[in-house]
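The two complexes that follow have chain A in common; it is paired with chain B in the first and with chain C in the second.
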Partner chain A sequence: MNYGPLVFLAAFFALATSWVGFVLGPQLQVGQFQPTNTVPTRADYPVARPGLARQGLDVYRANGCAYCHSQQVGQTGTVCDVSLGEAGTNQAALTAVILKLRPDWSETQAKEALGSLPKAVLQSVSLAQAQAAVKELAVGGAKASVWVVPVGPDIGRAWGKRRSVAEDFLYDYPVMPGSLRVGPDLANVGARLPDANWAFRHLYAAQIDAKGSVMPRYPYLFEQRKIDHSPSPEALTSLQQFAPPSGYEVVPTEEARALVAYLFSLRADAPLYVAPLTVASAPATDTNAAAGTTPTNAPAK
Partner chain B sequence: MVILFGSWAGVPNSAPVPAWMPALSTIGSVLMLIPVLAVVLNVYHTLGGNLSRLNAHPALPFIFFGAVGFIVAGLMMVAGALLDPNQLLQLTWFRTAQREMAFYGFFIMIIFGAVYRILPQLTATSLPWPKLVRIHFWLAVCGVVLVVLPLGGAGLVQVIGLANPSVAPVALTTNTLPFLRVSTIGILLLAVGHVLFFVNLAGLVVSFYRAKAAAAYAVMTADLFKTAGAKP
Partner chain C sequence: MSETVHSNPAASEPTEPKAARRAVPVWLLVLLFLLIYWGFIYFDQRSGWCSPVVYGPYHSAEEVDLYQYKVEGPDPANGRAAFEKYCSLCHNTDGAGKPGQAPPLAGSEWVNAAGVNRLIRIPVLGLTGQIEVNGKPYDFPAGMTPIAASREAIPDKDLSDILTYVRQAWGNKGAPVTLEQVKAIRDEVANRSTQLTVKELKELPETK
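The block that comes next holds the complex of A and B.
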């Protein structure tokens, strides 16, 4: 008996199923993704990275940052908070409701809460509980609202406000979500550490600010040069044991600037339909500043 | 089975992709238990519980360890998919340990065994230093264990730290450093094993071609002498 064709067909079928499932299927779905908008502020999302940040993506890739840093925030669940915005006119009735909702609070604690509005009177409850509480709190013109709060160990570390979704990477090529966390996750680093001096110093020698860090140094992203007349305003400060000899200064090259611009453009805090999250409403004077949905441009140097 | 299920495995729940992909991937990982079970049964019934049969040929221990490596790597895959609710394990050294087990503990060990078995038959000679094969085997076993166990331990330490937001990010890495240093020793053992493998192989090739060259030289020179002698 000649089983050759049968074996070939079986192997072909086996390989074809996983190809259809994990190459063709995702391509048909994820490949069709269009820019979406934030909920409920309806700002465009994602916004293409500014030019310098786009160049920074290539620097990030060239230096292998993705080997040790992931860019994907995990989320284990979503809970609801009830936030009291306005106390209204009937404070006594409101205090009674709050004390009913929070048996663990004393009356003084409830009154203190009323004195420091807006304040979360209930935390980590289910959506039904939160909605019921909002109804109960609506006494005497008091206004409460349900806040959607993603939770998880990554979010507890402020590595992101919500889980990463495929839309976050829409304008990136190649996508570098990373697969190993030797260093911290960088999905939200632009919102977490928006200090250009810190970022440059960290790239020059991570051990300065993070004692015991195993991150390699990237001195070739910087230029050590003789101070001419007066020091450059861009020169790195507080380099401690890595400081250049006197009369010299360390300034970031264009590559370092691009990399830091890219890092600052990494944010995982836009509220989306697929990853809901309530963010503090922006001040009325600046309607465009909603929830940091606009990635910041080059570092303010 | 391995192609059918194994190629689906490995997408963590936390991955930024539509949710059906990690779900399917977890199912694929768990179904890997079927080929793992098949290998367990095959190995068990082939040996009949008698490990001393492995001494019949120096290459057999490699094949046996490769089969065990496949089983362990498969179980690590299933454990990683099922026992870890936050799926943080997928972003740690545990994943590297599992990959090393599958690549080195399974695939490369089988290939070593196959080369040690097939090459002497192809060349119709025997390995010049069969004892080195034994030493290579034990070096490889110690190397794989010293790479996979510490990396797996580092992954567990990492996952405990990652699950607890009060652990500082630098401590996440520095806690794993002792494990990584031990795994470096394992890699060194593997490298020494590779040197022994190369020595044996080089010896085999040299003896094979020396025999060939001697035969060819004999043929050529015999011809030469014949024609020379045939001249009047």
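The block that comes next holds the complex of A and C.
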């Protein structure tokens, strides 16, 4: 050890560098995050989970759901669609523009497209191409808009509409993004769960609805009890081979209800500045439609 | 085992090795330099310089900005968001007004007027006095507060968006209010600090 101080300094430098990189850097980058707004509807985002769902987060944690389910959607790129909204008056000129943009379309197809507006004239093109197409369509007298569409394997599996960002987890403690995907990603599970009974049945025995699932059963989140007078409206239905003996019923406990409330609250698909995404057209005149929730003129797929 | 070996075990062993100075090979220095060079280029192209708005697959804040929702000219969607933030407390989200607080905007002849010379002044200066809307008189003791009194409170862009939204929502059929119109009138009344009166409003030309 005739280089003791040097070894010490080298070790100190190595540890200090990793501390700066893994602790200080991320803290400076995302440690001061504040709630943000959706774009362009300016709704508050994220919204804190309602009480029961917040309790469900603890049930999710206690049962180790995060060991097999991730909560992070990846995105590998962003493409654009061009949606034609209004055709304008000069149909012949517009048809010519559309045929120029879509050499693979016949004139009949172009005219059909004009008859069924709003219609996506171009799909999966780059932003520059889309913006150029919108300008060309404007010259043809039409109103077109660029739709921003995130893409990636996870989005292809319908696990989300855009990538997960730090803002999505702002009110969660602890954050459980998960690292393994034995089961599907749950970042947007609230948007695709059919109904609460399905979710309860899935927790009770996943094999009922998903044949061959390796998900363990969680019967201790439920209570099997004797039917007193009449069956409870909360009792699980269609349990098939897991059905309780005759005269008994399976009802969810408070824990199961909290967990399902949490699962329904998992939804991270709001368009944000940091994760651009087009969900609906600007509600210009019809203000009675729900704000920014239903795509009113989504491009036809 | 003899006694002598026990008493002096180091005598027959070689001395402890010592590290000596030796020059770092030149190729290693060159390799390190190239790696650092490549690392910095990689960082510059992909990190967004640690900006909190840059997530993959985007590479820079400018690139994120390119994909943002943009509308040329007045944007009623932004106007709606701003209206619901500033105006709907009194005028209600459906533009029907609230009893004792504000007259309706939906179907109002003041909102649907062909020119916007009068309309823009109302949020900028506020309004006091009895005003007739849709054939019904409205009079509020405090009048309307100048909600857009300063550009800090509501920027020109937001005000033109709000007024465009108001003129096109709830069955209203007015032309959009442009940024230039808002800017011109705000510059014109910049030094005034009193509320506009309905009498003055009626004397103003509708279009300028």
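FYI, the second predicted complex is superposed on the first by the 274 of 301 C-alpha atoms of A that agree within 3 Å, B and C clash if a C-alpha of one lies under 4 Å from a C-alpha of the other, contacts with A are read in each partner's own complex, and residues count from 1 in each chain.
The rule we apply is simple: a contact is a pair of C-beta atoms (placed from the backbone, for glycine too) under 8 Å apart; a residue touches a chain by one contact, two chains touch by 3 or more.
Owing to the predicted nature of the structure, the values given are computational and were not obtained by experimental measurement.
Once the two complexes are overlaid on the shared chain, A:Leu15 sits against chain B while remaining clear of chain C.
After overlaying the two complexes on the shared chain, residue contacts for A:Pro276 are found with chain C alone; chain B is out of touch. In the superposition on chain A, A:Thr78 contacts chain C only, with no contact to chain B.
Applying the stated contact rule after C-alpha superposition, one finds that A:Tyr3 touches chain C and leaves chain B untouched. In the superposed pair of complexes, A:Arg163 makes contact with chain B and with chain C alike.
Of the two partner chains placed around the shared chain by superposition, chain B and chain C are both touched by A:Val30. In the superposition on chain A, A:Ser213 makes contact with chain B only, not with chain C. Chain A uses residues 29-30, 75-76, 152, 163, 165-166 to touch chain B in one structure and chain C in the other.
Contact residues on chain A toward chain C in their complex (touch as defined above): 2-3, 25, 28-30, 33, 39-42, 75-78, 127, 148, 152, 163, 165-166, 271, 273-276, 278, 282-285, 287, 291. Across the complex, chain C meets chain A through its residues 18-19, 50, 52-58, 64, 66-69, 71, 75-78, 80-82, 85, 93-94, 168-170. Touching chain B in their complex are the following residues of chain A: 11, 14-15, 17-18, 21-22, 26, 29-30, 70, 72-76, 152-154, 156-157, 163-166, 168-169, 177-184, 210-214. Taken together, the chain B residues at the contact with chain A in this complex read 3-4, 7-8, 11-18, 21, 24, 85-88, 90-93, 95-96, 158, 162-165, 169-174, 177.
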